[in-house]
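Here the chain labels run A, B, C, D and E in written order, and each chain numbers its own residues starting at 1.
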């Protein structure tokens, strides 16, 4: 029990620390890397909370995602190396306030609510995976399928936006010139 | 059995659709169709008249399911209060079409709008369903807006907008009241008969509903101080617009006052009756004084409407205040007959003013003089209408005003000061007659033509009915009285 | 067909026929009135013994119209028809050269018909209706020559005066119907309860208007702008008589207080109008003033509680005054005017007319055995018997004296001077009319006895020699004074005032008419101000909105903005009149638009601003909900 | 399971249609893509009719087949067809024309999922599905304004969705279930419920463009092609509002959600019309007007549970709103994007003028048009739920709205030559259909009240 | 109620707060997306903790985590699509430069 608490706390601190770093470097690549570490730490938290399937999934997915992100950084930043000290933020003070209050509200709700007795034991990883599979293809089948459709849509949409459109009706040329 | 009420109600609409569907009709065809459908409507109204009313509740009721889930239906029917107004509408619209048959400026849309207006007018008077009533009540507004905006005089856009916003703003409270009545009924329904039989609201709710209705109807009537749209709208409206506006659309307000305020929230009306009465008295006297000061003939006639409608308010509130059924019947007889008479008389007056304006392109009384010599027919018609308007016996307003005053004296003696209004109105019209029609004829107007056959056809029926109503009011009053005497509040 | 309709319908039909046919008006009107006369005589014959059944016509719900022929109403009907017949005969000659004959005869016939309806009315509503309609007819007749501004004004004035006074009748009728529960006159009378003093005073007001009693006498003098037959009819048996008839018929209803008021008004009028008549410089106006004075006498009789005397005087006066007017019309045609300067000596040139005039004048003065003697005698006797005799008798005697004086003055004027004249067309018709009425004017007194028995009304108790003698002395004295003493000396310092019609404080026009117009103009200006005020409100809103905008920029500018807003409101209120057409609504729309412009500045287009606002809103939402739930 | 599948046949049909349209596009047959899309949606509508009157759930309560979701299909599928026909004019001949059609259908599918959501996950996925497709549609013209619009839209969407998901995580913690129907069980933890509820309001409120989560809407509408703006203002919005209805249905009243709805309603109506009042760009004007109209929906939503009228009024107004708003956008598409383009429209093209007037008057709520009946019922529902003051505010706002719409109507009948942008027969068809629907819904409102 | 749950919830809340800060303060589209990722990560931590310590029998909690992961990935994908389109049209994905549409 205490071991669990320890690990959760450590990984949690890591996730938070790297999360802070994301917005404190002046290089996007570093931000992406920090985000990757943060997300990995979250994955580790999952593992520490005996949710192995999700933990592994999280770590794997984030690794991929963040590498893509890093590539994009290079594409869209004038300053891929992050050498200049330019500030990429605005309304900082308000944002800090908003972030702190959001966290405070969430913490307050977490602390003030009576969550009831905690479960001592959970099923082992194998059983969990089986149960999750049952859930996936049983009650949540439609959700699962919808998620699938959403992925399909995202693919189409992403391609549709990313590839330039030619010879659109003349009307939009007018708009472009406005 | 033919569904007479519905036939009468939708005949004009059929005419309008026909006119809009015809590909490029000539002006003659358009006016022809309009006159024929209005004439058929009049036939329908007369048939309804012959069927008469039973006195107990509504007669000739026609009902069709519409939205049974919420208790709304297509329900129409008449009683002694609405039947005269239906007849009035049919007559006024027919003569309006006759009058307007010389119009060549976009006649198709114009005539279609008026036909639509006729359906909504008759619909407002015959609807027995809260929603249906509101629908007709509002649609009339739209057609009138376009009539004024499209065919009015110099400053028409502004006047039309003023009219539209004012009356729409005014009518929204009615919507709330209707909803209140609906939700207050034990078995939610929009059936106005049920609301009348068992007024659904009581206490503060009823009072709020009443206040909402009073706002709506006060704008429409119009009562002081919500009347400021009226002179502007009248001055800018085309002649037929004025005729219909004053002759029929003002009655929406007074009719609603009786049908809704009095019949559906009787207790609250009794409590607030004295306030309403004061408004009526002030309206009547203020309207009379304002009319007296006018130099523009059309504005003058418009303000006399404020006066005459003030009497109706007085009559209705007297009916609400009294506990004696006989006095109440007298008050309501007078109020309803006053609506009918005002339609005839003011319709005729607006026609005549319109004819003068068409000839002279001015409405300033000071610029005329001695017209009785130049255009005797027009002049004498105006004299007759003016005397009718100032309440001379033998003409339409007398029996109505007499009963209103009689009932008022029997209920709230002090309110009979409102009778001063008839002396002021007399002064108003005498002044107008003297400046416009009497005195030395002016050379400027020597060439002015007298009434054409078309114009005679437009005005004569109104004048004949004015005299008929004045000499033998019983042909109308019998119908009205049958309902008002059986009225239970 | 009930006989009661006989006097009414023929003139009515004649009126309609004349309007529709537009020719032969005279013949139609004569036929109508003749039939009416026959009908009324028939009625009179029918009611000598017993009460006729009322005729019930449809009217208002529960309040049918009733016509009833009783002894008094039938008698009055005969009087109206008789006067009408001879006036119309006269008019044939008088109107020979006028245009608009159809209109004239139609309205005259209508006038007679409505008057018949008035006298025969069996319920208050019909009475009121006829009462108002004769007002209309007199408007149309006085304004017959509507192109003349003075005729147009006189007609309007006559109608407005009488109509305003009619409000009294309206309210009185409402009170009577209210107290009796029915509109039937007989029922009101039978109920035995007298109407309240208020109702009585209101009736008096109505009668004062119609009978031109002080202070409402002004219109009658001006009404002379109409054709003379109209004046004759108006003054003798129709419009002016209606007032007296109303009081005579409702006399049983009046309380002592109301009766006293009636008598007092009559007394004052008879003297005042007599003085005015004495000072007049126009024959027709003199006669008009005299009419008011004579009706004052009748009111004295009513006030004294002896309506019979009033009725008798009314009948006598009807014949006398109509013949006087008809004769005056004859002179008018001869000299093209009725001013005293024009009429000098006309009597010598028109002897027939003058003879009729003189006969009637003497009758009016009260010289025995002419009719006026008897009726005036009855009035004085009534005054003597009245509770307020101290007041009424001197006034009645003064009135008699004045009557003699002004009649003598008129006679003297007509007789003295050169007799040239121009030929007059239609003299024969006119002569017939004059004499047809002068004869009854002279001899009607002989019929008073039988009439009294037929009417069965209480007669004055002390019809002794005192009344006869004092009346006779006053009449003769008056005649002598009028003939011998110039009017200026007679009236002394009051002459000028009397000549202007005894106008007090600028007259009724100044007391009521002008204030009414002032109120009307005030209302009209209020209308403008309503717009302007609305405008002010709207623009104040606009300025406030603008002020708010500045507030956001800088605080001190906002202070300035409020100041400017105030200034602007001030400017708007001042300039409101010329921009008055702009209504509340437009101004409000403008104000709301300014608010909208403020609203759009939220939409900066920068997404982080938007997100920030959304975040704040979310926080607010959370805060509200949390605090609400925690306080549970 | 078979029963469950049978009940979601319309959704499956829509999905197949989208895929079909996509396949046709791959074969470079955009016309066929359009035809498939239209036929598929019509078939989907037809299949739905069979379900009318059903009230059940499928897949363990995660998806609801009830009045709301059935009517959502009946309203949104035809609306999508109309939007698609409008879009046809905008994108004809361009590359990947068919993609637009299939994205439209996918987005609609998302709205349908939202409207039937019985599970909080569907709230997330539905928002995402509609969102993803519409980002692409907004950015489709590939111009500066279009991409700017898409970018703002995207940022707003992702942030609000994240907030919603975070809040929903607390709902799961509190109830131990992701089903909305299990929400009443957690009244022991009011704070968590409130947090989750506010998060849902943020997430769905953005989609329904309720003030103060509306900021993206005017910009996105302006930057996007007009047809897409028309689509955005109708389909995703109605989906989100229906989802909100599904959520509050099961929410314990102690959370005070009704008051929140009332507050948002006031804000949306007032702010929407105020801002619309100063717009000269017709698209932005209509955007703000649609923000205000969302506020009216809330009148019905807050009465859910306390008034019988609530559900019918929401459905009826949704149908009316879809018809009149699509009509107004279509009419604007034939005329131009600024107010001055409308000058003289009523004189030069009287029929189009009449149609536009009808749409706008219906938006105001003039009887007997569709908008009137809808608003009337909404007011009734609000009054029935003891929110009379709100009905009064709504009515005052209707007056404000009159000023907004008269700004378009008045110049239409002034003298002037209206600009006539490319008028296409498709526009005509859409306008006529919407016109007929606006009239018919007003007169045959009974059909919508179940 | 255990300490671990509280620790996890604290972590989730703080991650969410950092995410909010990032989403509000960053000028670059991609950076904003990172903020959103962090917000979602916070939600996932919450969900897993709730599942583990309160409702281990309710696998819909795990399901939800899967859904959130999908959301993260898809938003990322489409976000990059939008970013590419924006970059092509304007040459930058700075939010400050996206202010042509307003009012």
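Keep in mind that, in the parts below, contacts are C-beta pairs under 8 Å (C-beta built on N, C-alpha and C of every residue); 3 or more make two chains touch, one makes a residue touch a chain.
Just so it is clear, the structure is predicted and the values come from calculations on it, not from any experiment.
J.: State which chains count as neighbours of chain A and simultaneously of chain E.
T.: C, D
J.: Select the chain at the greatest separation from chain A, using centres from the mean of Cα atoms.
T.: Between chain A and the rest, the longest centre separation is with C.
J.: If I count C-beta pairs in contact for every pair of chains, which pair wins?
T.: Counting C-beta pairs in contact per chain pair, the top pair is A-E.
J.: Chain C to chain E: how many Å between their CA centres?
T.: 93
J.: Measuring centre to centre with CA averages, how many angstrom lie between chain A and chain C?
T.: The mean C-alpha positions of chain A and chain C differ by 98 Å.
J.: Please work out the Cα centroid separation of chain C and chain D, and write it as a whole number of Å.
T.: That gives a centre separation of 73 Å.
J.: Where in chain C do residues touch two or more of the other chains?
T.: 600, 603, 605, 607-608, 611-612, 615, 622
J.: Touching at least two other chains at once: which residues of chain E meet that condition?
T.: In chain E, 12, 16, 19-20, 23-25, 27, 29, 33, 35, 42, 44, 49, 51, 54-55, 60, 63, 67, 70, 74, 78, 81-83, 85, 88, 93, 95-96, 98, 100-103 touch at least two other chains.
J.: Got the chain B residues that touch at least 2 other chains?
T.: Expected reply: 161, 165.
J.: Any two chains that touch count here, so list every such pair.
T.: A-C, A-D, A-E, B-C, B-D, C-D, C-E, D-E
J.: Using the touch definition from the top, list the residues of chain E that touch chain A in their complex.
T.: Those residues of chain E that touch chain A are 1-22, 24-31, 33-35, 37-38, 41-42, 44-45, 48-49, 51-56, 59-60, 62-63, 65-67, 69-70, 72-74, 76-78, 80-85, 87-88, 92-93, 96.
J.: Considering the complex alone, what residue numbers of chain A touch chain D?
T.: The contact residues of chain A facing chain D are 105-106, 108-109, 112-115, 138-143, 146-147, 149-150, 152-154, 156-158, 160-161, 163-169, 171-172, 175-176, 178.
J.: What residues of chain C sit close enough to touch chain A in their complex?
T.: 608-609, 612, 615, 619, 622
J.: Under the definition above, what is the set of chain C residues touching chain E in their complex?
T.: 600, 603-608, 611-612, 615
J.: Quick check: in the complex, which residue numbers of chain A touch chain C?
T.: Listed in rising order, the residues of chain A that touch chain C are 90-91, 94-95, 98, 101, 105.
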